[in-house]
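In the part that follows, the structures are each spelled out as structure tokens.
You will see two complexes here that share subunit A, one where it goes with subunit B and one where it goes with subunit C.
Up next, the complex of A and B:
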């Protein structure tokens, strides 16, 4: 056998050894076995609790006929409109308020810290009980709000949850009330991360007050604000509690969002696949959001 | 000091596995005599106590074990659907909601329990036997997939003090349908004249939540002559002028009462127990609501309400406008064995034990009579015929001894979806809120019902 043919025979074995070595990351013998043993539980957990539910969900909602049935449901169209309104108003009003309030809470003083403590209470208390309380407060006949209106002004208040737009408004306001403190804290932390030198230098150059916010603070916070907005949108798309416990999807199923419609289809109508399809129909919105979020997270690493 | 090595870890793992294998025969032996069971929690604690007693008595008599989980009504529904979707099922469960028997029988998901029903077939009411059967779209046959356990109808519940405060007596209430409900409008008018700002005459669930609005609409549909909306052969008869007229009258009356201010405004958003709570708060003079839950819920705390102030019209359930009795629609709770259950033998044996007249009779009686028995012979007991009890005789007359029919999803599964999608609620609500003409609103509902029925065509 000549030298060339020996090399040809040995080449696949060499390739395999090279590949194997690169996969092992330089680990040898027992070290490699222990490394695998430590990684296996994490991989198993990932497969069982992340990959499997996602794939199972995709499989459950994969039939085209489900979407035909879903789109034929008269409730679905109003649900999509509600979801868009809930996202547009719920996220943007909340984030804008959080941005303003984070500036307010930057002010010095012990009383500001005390006020911040009170301010975060709505976020800290359990959400289901608070949403149920809001539902009762808004009851037209014996609710707290209408009783106060009658006692103080002898005015019969409206039936807040009997009209689609008032009920949806109540849901959006409840969400904003509940989650504004959380995002305020995040943006407050972002503001506090802006180096003092930059702010002091800007002040010397005359950038104080609104100018300081427009030219210094907001540009530095912009990426964080955008990431928070995207995250909040993704959270809100899956939000079930506010709608379910404040309006219950009523009156007459007019205030459902995709998350509550999915639960209704799955468990009230006993069609789990149709329920999954309702939630899956949000994917065309979710996937671009996640892609933009990932891209922004990369740039955010270097900016703030 | 001992060091962990790869070999020691492997040795330990093998030893642990071996111990599990050695222990397995014991577990297997226990499993052969153990069945798991899910059941909906009662409205009052006595219902759960009565179920636990029946289970304990069975365990004592048989030597088998029943692992009983009593789960609140709404979460149990979700748990059952999740279990049937995933395939990890208990051995026995109750039909919660009732139509789940028909929905999953269509998909061949229940064990045929004809042999269990056969043991007491002569005892069951005809309505109970009809409701325990369902069509299997895989085998293309109907069979017994449920074992009747208990039943319920929809009586009327009335506050005597409010009727009397308005200047009337309970005996003044008319006996025919429209006049009966019109009476409570007069009661409200009189109460308003006396300054009662927040009392309404009628507790109609003009809503699209829970099971109540469907029950209410169907009671009105049947009372106005629409009984043949679906016949026993499963055929839909929306083209029958009597059915159409009945639906228009039902939507017009129920929606109209709300529109005219005789129903609490919040009723448009009520869910399951909201009408019970509103009734207990005396927000309305009368309520049309399934079971005696309204009464039994207050029996212990307010016996004077139960015995004096509350009137449940079972015996006084109104006739139709021509004076003929109106059949009550019966909702049945059935015992079910899902396919994939690990211990079908014990499940069958338990259900055979449970439906013995003495056992099942005691089960409903210890639960304070919120639920009705499914065997007419049990209605003769001293419990149901107690002359001191103002509710039970009427309830059992209305729901077991008087004219009854099973719910319409028994005849055709499509009606289960009509019920769960609240298709009948929409004409009521459109008349109530938007002032729609009942004819137009009913026509829209009919179109939707036809679409749903098209999905469930039998071979």
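Up next, the complex of A and C:
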């Protein structure tokens, strides 16, 4: 009896100690306090400036009637078509060009190095500067593009930004112009990471040119290519600047994408809830993308 | 004898034919490279050339049809630098605002990012993975989707038209990348370094300051440039949250040009070029580090 009572008294203490040890993960008291203190600033930033806006946004866009109003809006309907086109063409054309160009830049020689330096310029120059420049370039009367067409070929160019499909095309091409260099550099780094022995062995075995690409290079790059495509999809979905500055959503609100329509609804026609609803309607696409990306990125490595 | 010479001649002819086909292929190869290079250069340069072309036009001469500057003049650059146009009366103030926001975002993203990754990656804080997952989640949420609720919240806090509202938003979006890169980079530093310092009696802040930060210097440089450029190039949050002329930043001022009826295009392009110079210089100076850091885990997939 005596023994049992001793054990009964001692057990909670032991349980408490193991519990607190499992919480601290083997850190001693003082060190544990430091570790927590080190994490607190970021956790606070996350809660105040990411988690809170997310919850606030979900609350703002939680009424079903908002979506009825939104889906009935013809501007919203054309926006969905634009967003799908922008995603499908913008992401895939850009990534495919980047894949081909990264192979081109693998060639040896000083000329390729110099060319690469020029080629990354669109990525280095801020978006606002270049998109404003492209906007003026496409001006029907005084734009650089039509001036070139007239000077070289004596062709009167069209008013590029006055037509929905040409304006949307201009936005997509601007996006491709701006972001191809960045993804080319990443895929180039991926190609460089393929060990030289593999490439040499493949060459000896007769896998050169197209066959080398199909059987050796692409299988090794496929995972990276997939991650880049997914990341680029999510970045493009959130892209505001290209549409806002190249076409401005015009003519007559026909070239908006979800990101710009949300801002337009919230601030131009002062209906913030309708703006949030426009953005929220992308969630069925965003959520699966985020889940796949989180899994892929967690296992990935960074090279510096 | 004759058969041997004939065979030799045949062999020699075959060799020379092979040589010429190799030469032809090499020639075609070079020609292809040249053509593709030319196309790439024209494609890349066109919008930038357009920017330079218009900025070199003297005032009022923007509406022309020539494709090279007929009378190049640096008048508009001078106008920007001396705040000589009524649109540009706060240019240097706005430039300083951009710089201030960039510096603050860089500092806090590096500080919070390195502290968090130190606690999770080096001190092995239990449940630290929760924090890194929260960070990763932030990285893959489009920032523009949170702009409307963020604007409302800042109005509720009374932080409208305050640079700190922009700084806090950008720190929230830059720090996850910092945590991600620091944690991955930290794996290349053996944990025994920290442990031996611990045995010698160093406290966690001492290990962080004296050992962790110096060893992480390359990663700090890469993430620092990333955060600085993120803040310098960002537009949407700065546009929504900064409204007065003296508190706005250069990109917001630049976009205001665009919305006016009589846009002074030569001043606008000169401003765009001056605004683009610092990031371009940084890109080229830190090129290697940037591309290495920006692969965000891609490379080894």
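As a convention for this text, the second predicted complex is superposed on the first by the 275 of 304 C-alpha atoms of A that agree within 3 Å, B and C clash if a C-alpha of one lies under 4 Å from a C-alpha of the other, contacts with A are read in each partner's own complex, and residues count from 1 in each chain.
We take it that a residue touches a chain if its C-beta (ideal position, glycine included) is under 8 Å from a C-beta of that chain, and two chains touch if they have at least 3 such contacts.
The structure presented is a predicted model; accordingly, all values stated were derived computationally and were not measured.
**Q** Determine, under the contact definition given at the top, whether A:267 touches first (subunit B), second (subunit C), both, or neither.
**A** Both partners, subunit B and subunit C.
**Q** Have a look at where A:153 lands relative to subunit B and subunit C in the superposition and call it first, second, both or neither.
**A** A:153: touches no partner chain.
**Q** When the two structures are overlaid on chain A, which partner does A:38 contact: first (subunit B), second (subunit C), both, or neither?
**A** Touch status of A:38: second partner only.
**Q** In the overlay, answer first, second, both or neither for which of subunit B and subunit C A:162 touches.
**A** first
**Q** Does the superposition put A:110 against subunit B (first), subunit C (second), both, or neither?
**A** After superposing on A, A:110 lies clear of both subunit B and subunit C.
**Q** Once the shared chain is lined up, is A:223 touching subunit B (first), subunit C (second), both, or neither of them?
**A** second
**Q** Scan A:142 for contacts with subunit B and subunit C and give back first, second, both or neither.
**A** After superposing on A, A:142 lies in contact with both subunit B and subunit C.
**Q** Can A:239 be said to touch subunit B (first), subunit C (second), both, or neither?
**A** Touch partner of A:239: subunit C, not subunit B.
**Q** Counting residues of subunit A in contact, which comes out ahead: subunit B or subunit C?
**A** Per-residue touch count on subunit A favours C.
**Q** Pick one for A:185: touches subunit B only (first), subunit C only (second), both, or neither.
**A** After superposition on chain A, A:185 lies in contact with subunit C alone.
**Q** In the superposed arrangement, what residues of subunit A touch both subunit B and subunit C?
**A** 30, 34, 141-142, 266-267, 272
**Q** Taking the touch rule as given, give the residues of subunit C at its contact with subunit A in the complex, in rising order.
**A** Per the touch definition, subunit C meets subunit A at residues 33, 36-37, 40-41, 43-51, 53-54, 62-67, 111-113, 115-116, 118-120, 123-128, 131, 133-153, 168-169, 171-172, 175, 179-181, 184-185, 203-205, 208, 218-219, 222, 232-233, 235-236, 240, 251, 254-255, 258, 265, 268-269, 272-273, 275-276, 279-280, 283-284, 287, 289, 291-301.
**Q** Write out the stretch or stretches of subunit A touching subunit C in their complex.
**A** 22-27, 30-32, 34-36, 38-39, 41-43, 45-46, 48-54, 56-57, 60, 101, 104, 107, 111, 115, 117-130, 132-137, 141-142, 144, 147-148, 150-151, 177, 181-182, 185-186, 189-190, 193, 223-224, 227-228, 231, 234-235, 237-241, 245, 259, 262-263, 266-267, 272, 275-276, 279, 282, 286, 289-290, 293-294, 296-298, 300-304
**Q** Within the complex, which stretch of subunit A touches subunit B?
**A** So the residues of subunit A touching subunit B come out as 30, 33-34, 37, 72, 74, 139-142, 159, 161-162, 167, 247-253, 266-270, 272.
**Q** Which residues of subunit B touch subunit A once you look at their complex with the stated criterion?
**A** Going through subunit B, the ones touching subunit A are 6, 9, 77-78, 81-82, 85, 99-100, 103, 198, 207-209, 264-266, 268-269, 271, 281, 283, 416-417, 420-422, 425-426, 429, 433, 448, 451.
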